[in-house]
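Residue numbering begins at 1 within each chain, and the chains themselves are lettered A, B, C, D, E and F in the order written.
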Amino acid sequence: MQLSARNQIRGKIKTITLGSIMAEVQVELPDGQQIVSAITRNSVETLQLHENDPVIVIIKSTEVMLGKQA
Amino acid sequence: MQLSARNQIRGKIKTITLGSIMAEVQVELPDGQQIVSAITRNSVETLQLHENDPVIVIIKSTEVMLGKQA
Amino acid sequence: MQLSARNQIRGKIKTITLGSIMAEVQVELPDGQQIVSAITRNSVETLQLHENDPVIVIIKSTEVMLGKQA
Amino acid sequence: MQLSARNQIRGKIKTITLGSIMAEVQVELPDGQQIVSAITRNSVETLQLHENDPVIVIIKSTEVMLGKQA
Amino acid sequence: MQLSARNQIRGKIKTITLGSIMAEVQVELPDGQQIVSAITRNSVETLQLHENDPVIVIIKSTEVMLGKQA
Amino acid sequence: MQLSARNQIRGKIKTITLGSIMAEVQVELPDGQQIVSAITRNSVETLQLHENDPVIVIIKSTEVMLGKQA
């Protein structure tokens, strides 16, 4: 399936922390920078996500802010 | 200012496209992957963003989805 | 690709309106209800979206609010 | 109150799962498709949401992505 | 209609700028601080929004970030 | 750091409720109105947020909806 989301970035899962409703997944990008995703616990279980799994980080462009050092 | 947004990724502006209300900013990450940000034109002008500017890409973790290749 | 987004709803494109940066896509669900998506013009062109195309409407659960009639 | 959110879809609550901070509410649309909403536990309690309650699913159009089968 | 969105703040419209797809609405809060909303042009027209109209600014709590001065 | 987010509102933390993954932070604006932020527990701990701390509430304009009383 092709997605309208403009941001689809390759990474690898470093850690998964499960809560009752939500879960926090830390993903490492090829250049070592980290991206954290907060998704539902149900999604983690449905996708059977595990540490070291290759994943695609997906972000709609309207959700991306920019910062500029003064 | 410290931000609660967990995702703060270094990058450099490649292109800026201005519309009447919105603008599209393409940012290149150190590993060559691209991130696109859709922010208001007003923000681009207020921050005086230009091509080749170093920027920080800021994304709240609840806005980050994951995909897993079947 | 499997997505962590919990909401993936079948629909058919009714109309597409293109702006300089953004675009508005109206999708009809099987029960006749409408969903409107505001994505970038670039996404519409990249996915080659056209009226009557079958599409999947994708929404992260943290973006979904609820209303209850008083 | 009229809302600027373009997406207001009728549905009925199927299940509610409460966590300490967040809650997951599954809503069934008239055509049988499901929508999942992740809202705060406080909202579920304030709105006194229960299974089988009729609700309106509210989604801002900029939060709606599209997917197209290859 | 009661909303699950936790943030519903009274304000008054100061300016409206219309684009082809999107629109920018500046709202002044009782304490003089400003909030900017980017909604679709269609929403502005459907709600018949005009300068000086009283409005409610509605924001889902998962969309709200925090910053702390170092 | 300058942010592209158009909404940066001064406030003071009233309450913090911690869950396993998420946390709910209630912020009071100068005019007494309340804003609730749902961020990750990790963010609360990293920023060392406490009751009565002055904070900046940060919201991207595309996340702000409007309501108009009928």
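In the analysis below, contacts are C-beta pairs under 8 Å (C-beta built on N, C-alpha and C of every residue); 3 or more make two chains touch, one makes a residue touch a chain.
Labels paired with UniProt names: A, B, C, D, E, F = Mop domain-containing protein.
Please read these numbers as outputs of a predicted model, since none were measured by experiment.
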Interface overlap for chain B (Mop domain-containing protein) and chain C (Mop domain-containing protein), more than half of numbers shared or less than half: same or different? different
Determine the centre-to-centre distance between chain B (Mop domain-containing protein) and chain E (Mop domain-containing protein), using the mean Cα coordinates as centres, and give it in whole Å. 22
Would you mind pulling out the distance in Å between where the CA atoms of chain C (Mop domain-containing protein) average out and where those of chain F (Mop domain-containing protein) do? 29
Taking each residue of chain B (Mop domain-containing protein) in turn, which ones touch at least two of the other chains? 1-6, 19-22, 24, 36-40, 42-43, 47, 56, 58, 60-63, 65-69
For this structure, give each pair of chains that are touching. A-B, A-C, A-D, A-F, B-C, B-E, B-F, C-D, C-E, D-E, D-F, E-F
Provide the residue numbers of chain A (Mop domain-containing protein) that touch chain F (Mop domain-containing protein) in the complex, in ascending order. 17-24, 36, 38, 62-63, 65-70
In their shared complex, chain F (Mop domain-containing protein) is touched by residues of chain D (Mop domain-containing protein) numbered 1-5, 19-22, 40, 42, 60, 62
Touching chain D (Mop domain-containing protein) in the complex, chain E (Mop domain-containing protein) uses residues 1-6, 37-40, 42-44, 46-47, 56, 58, 60-62
In the complex, the residues of chain E (Mop domain-containing protein) that touch chain F (Mop domain-containing protein) are 3, 5-10, 24-25, 27, 29-31, 33-39, 43, 47-49, 53-69
